[in-house]
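Per-chain numbering from 1; labels A, B, C and D assigned in written order.
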Amino acid sequence: MSTFGTLFKVTTYGESHCPSVGCIVEGVPGGMNLDASDIQPQLDRRRPGQSKLSTPRKEDDKVVIHSGLENGRTLGTPIAMIVKNKDHHPQDYSETDFYPRPSHSDLTYLLKYGIKAASGGGRSSARETIGRVAAGAIAERFLKLANNVEIVAFVSSVGKISIDKNPSSPYFQNLLNTITREQVDQFNPIRCPHKDIAEQQIKLTESVKAQRDSIGGVVTCVIRNVPKALGEPCFDKLEAMLAHAMLSIPATKGFEIGSGFYGTTLKGSEHNDMFSKNTDSNDPNDKYNLKTLTNFSGGIQGGISNGEHIYFNVAFKPPATISQPQETATYDGAPGVLKARGRHDPNVVPRAVPIVEAMAALVLADALLIQKSREYAHSIVDFSKVF
Amino acid sequence: MSTFGTLFKVTTYGESHCPSVGCIVEGVPGGMNLDASDIQPQLDRRRPGQSKLSTPRKEDDKVVIHSGLENGRTLGTPIAMIVKNKDHHPQDYSETDFYPRPSHSDLTYLLKYGIKAASGGGRSSARETIGRVAAGAIAERFLKLANNVEIVAFVSSVGKISIDKNPSSPYFQNLLNTITREQVDQFNPIRCPHKDIAEQQIKLTESVKAQRDSIGGVVTCVIRNVPKALGEPCFDKLEAMLAHAMLSIPATKGFEIGSGFYGTTLKGSEHNDMFSKNTDSNDPNDKYNLKTLTNFSGGIQGGISNGEHIYFNVAFKPPATISQPQETATYDGAPGVLKARGRHDPNVVPRAVPIVEAMAALVLADALLIQKSREYAHSIVDFSKVF
Amino acid sequence: MSTFGTLFKVTTYGESHCPSVGCIVEGVPGGMNLDASDIQPQLDRRRPGQSKLSTPRKEDDKVVIHSGLENGRTLGTPIAMIVKNKDHHPQDYSETDFYPRPSHSDLTYLLKYGIKAASGGGRSSARETIGRVAAGAIAERFLKLANNVEIVAFVSSVGKISIDKNPSSPYFQNLLNTITREQVDQFNPIRCPHKDIAEQQIKLTESVKAQRDSIGGVVTCVIRNVPKALGEPCFDKLEAMLAHAMLSIPATKGFEIGSGFYGTTLKGSEHNDMFSKNTDSNDPNDKYNLKTLTNFSGGIQGGISNGEHIYFNVAFKPPATISQPQETATYDGAPGVLKARGRHDPNVVPRAVPIVEAMAALVLADALLIQKSREYAHSIVDFSKVF
Amino acid sequence: MSTFGTLFKVTTYGESHCPSVGCIVEGVPGGMNLDASDIQPQLDRRRPGQSKLSTPRKEDDKVVIHSGLENGRTLGTPIAMIVKNKDHHPQDYSETDFYPRPSHSDLTYLLKYGIKAASGGGRSSARETIGRVAAGAIAERFLKLANNVEIVAFVSSVGKISIDKNPSSPYFQNLLNTITREQVDQFNPIRCPHKDIAEQQIKLTESVKAQRDSIGGVVTCVIRNVPKALGEPCFDKLEAMLAHAMLSIPATKGFEIGSGFYGTTLKGSEHNDMFSKNTDSNDPNDKYNLKTLTNFSGGIQGGISNGEHIYFNVAFKPPATISQPQETATYDGAPGVLKARGRHDPNVVPRAVPIVEAMAALVLADALLIQKSREYAHSIVDFSKVF
């Protein structure tokens, strides 16, 4: 459905070619300073037309806050945000009246809803993610206030051109410890933080574009200053919620947390994260103040955050819309050749970066609110005789 | 939380060392033939002590159905299932009173709940998955009845020893098309369907066990005869629900659907799944009857099933409990050496197979019920003027 | 929270003095004819300023549909609807900076959210109900299509002036059988369907208004052509969902279904509804075709609709805003006299009529979708050996 | 469905004639002292066979806790509780194979689920409420710990014999202020706290029983020491959740909060609750410390608790099972005479008292957890410039 979250909750609406797209965000604490300028930067990072590597569709994507705010303060009530759809070209899609586009959702939407949008991707369009990014920007402000949480996503690979993301490599560990959004955007348009590799990725993308083709990639995300104890066993473990959130982003094919698939090749003696005293920390809610010496766990143990960095990879397939003729079939099953003419990205990963950050923020804000209700309960229980 | 699903819904309970573990399943259609013998086989496949490769904990794990059933028929009401915990050895865990076990959930449970089970993994124990497997067995019966759905999981890799799981390899495609649970169990204890590779995996597991160590692995799952149109955009896409379900299984680190991470290296022209008439099908609910010639999508497009096989990989880390001394710290932060003495598996993947199948069944049964409510709506709408 | 429903679901937003109010409706079947003119009539019935009996606040409350619609057909995707706030007079409320208004939510919002809207009722304003009415209008269209469901609410009492609503009175039974919205609106501005009593109620309201006071009342609602088998035991019985829905409407104090509180005075032999063959019905889904000879149950037995009329009463308190000085206290606890100056209704019941209808429609549409998923399951089960 | 609540959540299972009934409770804080003896007293008050006024079915209804507990402390994990069904007499119900019992759920369950329990009420039996009462007892312990919350329900009327429950009467106000469960049980078997009226109610019940008939009644409930700021506008207002909870109890027909239906007859100037300084209170979370001089609101304003007593009435219909022949129809529609022979109560209200208390506790515990997550957020927001 179009609602995500339990206490911190977003509901989105909108198709590629309707008057507007947007969302309602519920569970935002009252009294927070907020205005549209807190939300616009992430929308700008998601916006099409930022560079020659992305779709030329022109949208300024200006967000307007319609509720939940008074005199620059949140009221604790639902926040509605609206972004107008401006540059829609319905005529671009006429040929798709006869052909379901390969690896698109034309056929499956038709099977599911009995009808599909005549123009563009409809609800399956990437414009649907605008509501997510707007909501995520609010979640991020709350997390910043709560624990100075930092969420930074970046492109780690395009096609086979990848940074070293072995979880035990010093390069990768250092990257996770230090990378900032400002650094990520320096390497725009590709948003890979390794200068040489970024250049190769840009070249690859340009070459693929010249071939009227597209290419996949991986977005890596790190979350620092994560409050401890977030995540709800057994079904709503923190990594399960992150996986749910990430696989709900259009074009995603995979998710791995911490050591991920690489971790399956290790022995327990290599993979276990040993504890030691965390002399840097003075979290009053944590009398243990332990840290781990390695972090193959990716900051989550037993489905619950342990305070170490959370990091994960998200796989994005090559965009399905390509400017090549494709030998496929019409809705009626007649073989034929489809020429797609819509405007699309040769590579979605640069624009996916703020979407991954937004979904991560939504998961964490919700988990934080849920855990805080439990911590209240702890304050009224006499634990004196408990371990 | 401990509830999963919207209409077909399971709520589980139980720790490793309490009187019983089990679940309540809601949303099971009335009138279905059902008794404990329909559920026991999958519990038996999950049971510890099946071979020398798994924990020697002895549990016969006999399920008893307490409600929702009369004269061998479901009543449509909640089905409670209970499995007694028998062979618990609380004393085995005494040393963990001082040490949080590395890469276990001892510390994070304590941070989250203010208390943790003194014995064993408590709620984070693999015994929690008994309720899932029991519920999944009922979901499977419903799916079988509905569309003859077949769900088969198997071990594809242990450590680095892997079958060929390139989504375009003929070997792998054939495996997805034909593999049965009977075949998977022939290669017990490892449950890898490739005889030679299974033997290597068994050897590796035995060697790791001899070293008092553990090793990770990957479980692959295929779902055949999937009803079309399942999955709820935008947040509850079918792959997002599967990812959520799989990452909620203890010890999982990753999930990939269809082409997965490999797919990020392909071009759109290689990755797109072209359509053609499906002359074999006569699904009365689908006037299009299209199939795809390849299946990099993994049976899901736009978050909605297209009727092709759904297949995915789930990464399992090496079990955190190893029989080696580990240099770590006590809860108080004092450095020291922990010797774990509990009974555990050198490798969880063989026993994970029925758990993966169960979670897949729960996701599909829920998605099917939700979609069927929509298909009713279609029957009352006049689509004559719609595309 | 601001979301209601499971499959047919509305999320609302908006305060009394923000740019707009509105909602997102999810679960609307695809392919339905729909445009704003299907929704506007109920918004017009809810609108302030319809007569001298209601608040003079002037709002034309024109709804705009922003998504989920193409060429006059629903797409099955979320439908966003927006109504601008025009005539806001923030200055009217300045005195309430010092006084929490008695029996308003000023104090409780401040306690809950740490902040409250400076102007008017904020989120607790009746303008919040616009989203409900808009969503309810779509639910009604679906229910009409599904089973020609008719929902008619009317004012049954104002103060002590009441129609005969004894559930066994022939007058009341006939009213339930025949009353239409057109008839209800003939007696506008009070919307009581009994001409003489309506006139007395109007006089009472005018007299109360002249006294700068307000008065309570009861809205009665009947639902005809209810599909059988709706409602989800045990917690989401149909009457429980209706009670939830009705008590969520601002200013409500009570709910009774069927015989209600009167029914508590009866004996079982008087109250039981005997069955007989329903020779008028030929519902193919109901092989029993039984009706009841009386209907003290109010169309629901065991939490599940039986096909008889559902009818219920909803109690509305007198509006808390009155134009009299009130001896109360400031936020600081200092005793003082508050003069309220906002524009409000002497009586909310006439404008509550479409809100009650909307909430009833939302409950039924959701229950219908949920039940239809179950009826699908029935179609695949072999009930031949079942009772 | 069979799950109630968001963070403090109960899922129940069980029919009248299956091996056991029970529930899983989630969201219970860790570290609380708890054992079966904390739960048994309310189950004993609900138990059949307590007096000649209730059904002679003999069940000792001993609860066993299966999970979530270790050494007398809660673990924060799901608590499963099981009560065996002992005295089931399936043969008592054979005649109902042919007749749907009037005003029972036999027919509606059959319509809904395609099957119904052959014996007794199945899922619609009052035995379903055992899980609610057990869960409610845990919720009460949490509320007691949190704010010394007191929940006391009692029978206020049987048939037309009622105590004075006018919300402005000194008698009723005093009753709400002082009544205890011990006092309520002194007047067992009827549980009306007014000695003379209790005697009349007992006589009426005995007389009705002698006539092989049944009679309805009203249960009133007061909640004292309610934490302020509970309840979630707009749809989950505290009174809306209470209404939902109460109307989900079998045999209920109505709910009214505070002034209720009586309040509809008052003017705003009579009904408004004026504020004054609360010199008795020193709640550190409430800098306002205001109380109201009257309490027509019933402790809730704008859907949010204001710290005054919450009080409400719940209407119970006369039990549908009576020992008289009833002229009705068979499932096939043939007219005939049904003689019911099951064991049932002439009056459900005395046994409903602990069920009403349990449902009230569940609503409050959930609302408290949700609000506490918000209060955390307040602690991190700088409200210095906010009103």
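Worth pointing out:
The definition used in the following text is that a residue touches a chain if its C-beta (ideal position, glycine included) is under 8 Å from a C-beta of that chain, and two chains touch if they have at least 3 such contacts.
For clarity, every value in this text was computed on a predicted model and none was experimentally measured.
Ranking B-C and A-C by contacting C-beta pairs places A-C first. The greatest centre-to-centre distance from chain A, using averaged C-alpha positions, is reached by D. Mean C-alpha position of chain B lies 44 Å from that of chain C.
The centroid of the Cα atoms in chain A and the matching centroid in chain C are 39 Å apart.
Contacts with at least two other chains are made by residues 1-3, 12, 29-31, 73, 76-77, 109, 112-116, 118, 123, 233, 374, 378, 381, 383, 386 of chain C. By the touch rule above, chain C contacts chain A in their complex via residues 1-3, 9, 11-15, 17-22, 24, 26-27, 29-31, 64, 66-71, 73-80, 82, 109, 112-119, 122-123. Contacts from chain B toward chain A in the complex involve residues 1-4, 12, 97, 100, 102-105, 107-116, 118, 123-124, 128, 157, 159-160, 208, 211, 213-218, 228-229, 231-237, 239-248, 250, 252-261, 263-278, 286, 288-290, 292, 296-298, 300-306, 313, 315-322, 324, 326-329, 331-335, 371, 374, 378, 381, 383, 386-387. Within the complex formed with chain D, the residues of chain A that make contact are 6-7, 29-32, 73, 76-77, 142, 145-146, 233, 369-370, 372-378, 380-383, 385-386.
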